[in-house]
């Protein structure tokens, strides 16, 4: 084995069990997703990541489904399959429509294109942008 | 000179002048930003990029300021200074508040982190995500 | 077929066979891994990559397992599954513990996060860093 | 202004002042670096990032200077100038020698190369790596 | 389902059918590839992407097979399996030899390496490059 | 100082002087560019990188100016200013026209866009591509 195993719900104890219980309660699910089962190899990373995500993804000035769409936009740019799939699902559950997802993907495509046009032509920053 | 010069408003002619006029009209500005002045080295790229952005960034299922925030999120992930600065300004003009921008940046940070936690631990895609 | 086949140990001849023999000797293995079997499509790239890696990964000021962990950190950032798996295994063989790997992954996550916070907020380089 | 200002030590209050004081105490410095001054635009992000970094970068199974070198390796891969400069300095302060930094950079270069050789040739994962 | 289904040739209607017909005609194929079947979830993105690619990849100052090789070089750097495979095939069909592909991959590897050596050592831009 | 100084032509000795002389001879220049002056902090990296580039960039199945354009395409994708500028200049010196550079940049833009459309829609690899 070159990478880490998943820690099942039954194997969880101490800090890991505590966070697993929080996840199930907060998400209203009965089965822990593989992301968290795998993070459990490092209880410290599991706890910190869970608490950080709770803070960052909570309802704020941006609606929850918009936050998920931004999450997906970054994950697409980084080509993270798991992240794209899980946060696309989360976006849908929180109210994002197919139309919104289609529009988000189109923006991600164009931004990745113009980001490189800017580099390719070494565009100088305008004074009004400084 | 290793890269391309900017084409000023006065030097513009033909297709380039036509697009420059469209940009000034659509954006209600009198001075063409460096991005477009530089793209003008390839009239074909200038026109295609302008028309594509018009289509992608128009009001749709997502509000215009949200579209700009997604644009910035990708540009941050790709470290494109010009794009971050110009689309942050566009987001503000279209109504994005500092609070919304702060939240967007926090999400970009977390997504970039968890994207790599997923890779580092080689997290297996759950059945419910397939 | 859109990509390249593997060159098996038996098909190897000339420069390829020579490098395959060096790899088996240096690594104390009897079966050539797919990475090298595939590089063999370009004997020049095979030889240059093997010799370069021998130089870069040899014991130096950094311990061999630390070098492998740095290799994995980059591979995680680039989402290269093969590289993550093969260099995680190499790190373990050279003495890296699970605790060290967990800590490395946590750093990779945080670095990817703060790299983007720096871009998002366009943090100015301090004078003491210049 | 298209991006955020720095919050100076004198402007800091409440949560921001508290974290600024912790940073000065922990790092034994009298002037807050620009990274933290800028993060202070979002007190929540400031606090979370500071606490997360304290946890991740503390002495563990990996020596502090090694942790900094891994941080730099990721920052080089992402081309984050501020992060490269600040964490290279931190690595030196914690004991990393020029020789160690040179070796780390060489590994980052080679890993970025072979990551792409793997993609270019679409190398199949060996059974012993699964 | 967390992502989008493919739109089959039979389900296609209106704008989608029109573009599908153009693709089959231009490429002289009878079966639409998955890329286009999936883009069809957004008829607007389907049409814009197809027309943009037609423009960008047409014969110009660069030969068609060279254009495909550049496309593959970028796709390798971004680790996009589908894109690497489909554009490698396109390059071959348009006349790229295995030797040309091997050389392109070697360049992609070296460029990714020296790009990071430049960042790692923070190489200053020479006056003659400004 | 947080990063490395340049080694001037006058300070060069031993292996470094030898490579500097080779570079001046091969490139027919009298002043060593900053890239090599900085690599000289690690004579081993200097020599290996110089020899590797000589091998990879030599005339082969691909013309020298095409090799440089592929180098630039990768460097744009990675946003490496120094590399974009130096290899754009090299491409021009070897015969690349502005039209070729414009076309290359347009391809880099489109490839970066469609790479993300593929990820965003999680396009399935066609059987004919396997």
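Which chain is which? They are A, B, C, D, E and F, in the order written, and residues in each are numbered from 1.
Please note the rule applied: a contact is a pair of C-beta atoms (placed from the backbone, for glycine too) under 8 Å apart; a residue touches a chain by one contact, two chains touch by 3 or more.
Model, not experiment: these values are computed from the prediction.
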Intersection of the contact lists for subunit D and subunit E: A, B, C, F
Pair exhibiting more inter-chain C-beta contacts, E-F or B-D: E-F
Subunit A on subunit D, rotation in degrees - Cα superposition, rounded to nearest 5: 180
Farthest chain relative to subunit C (centres taken as mean CA coordinates): B
Same-residue or different-residue interface between subunit B and subunit F, half as cut-off: different
Distance between chain centroids, defined by C-alpha means - subunit C, subunit F (Å): 21
Distance between chain centroids, defined by C-alpha means - subunit A, subunit C (Å): 27
Inter-centroid spacing, subunit C versus subunit B (mean Cα positions, whole Å): 34
Contacts with two or more other chains, residues of subunit E listed in rising order: 2-4, 41, 44-45, 49, 52, 77-81, 84-86, 89, 104-106, 108-110, 112-115, 117, 119, 121-122, 129
Touch list for subunit F against partner subunit B, complex: 79, 84-86, 88-89, 92, 98, 102, 105-106, 109
Contact set on subunit F toward subunit C in their complex: 2, 44, 48, 52, 55, 129
Contact footprint of subunit E on subunit C as seen in their complex: 2-4, 41-42, 44-45, 49, 78-80
Touching residues on subunit E, where the partner in the complex is subunit F: 3-4, 6, 33-35, 38-39, 41, 45, 49, 52-53, 56-57, 60-62, 66-67, 69-71, 73-75, 77-78, 80-83, 85-87, 89, 97, 99-100, 103-104, 106-115, 117-119, 121-126, 128-130
Contacting residues of subunit E [partner subunit D, same complex]: 72, 76-77, 79, 81, 84-85, 104-105, 108-110, 112-117, 119-122
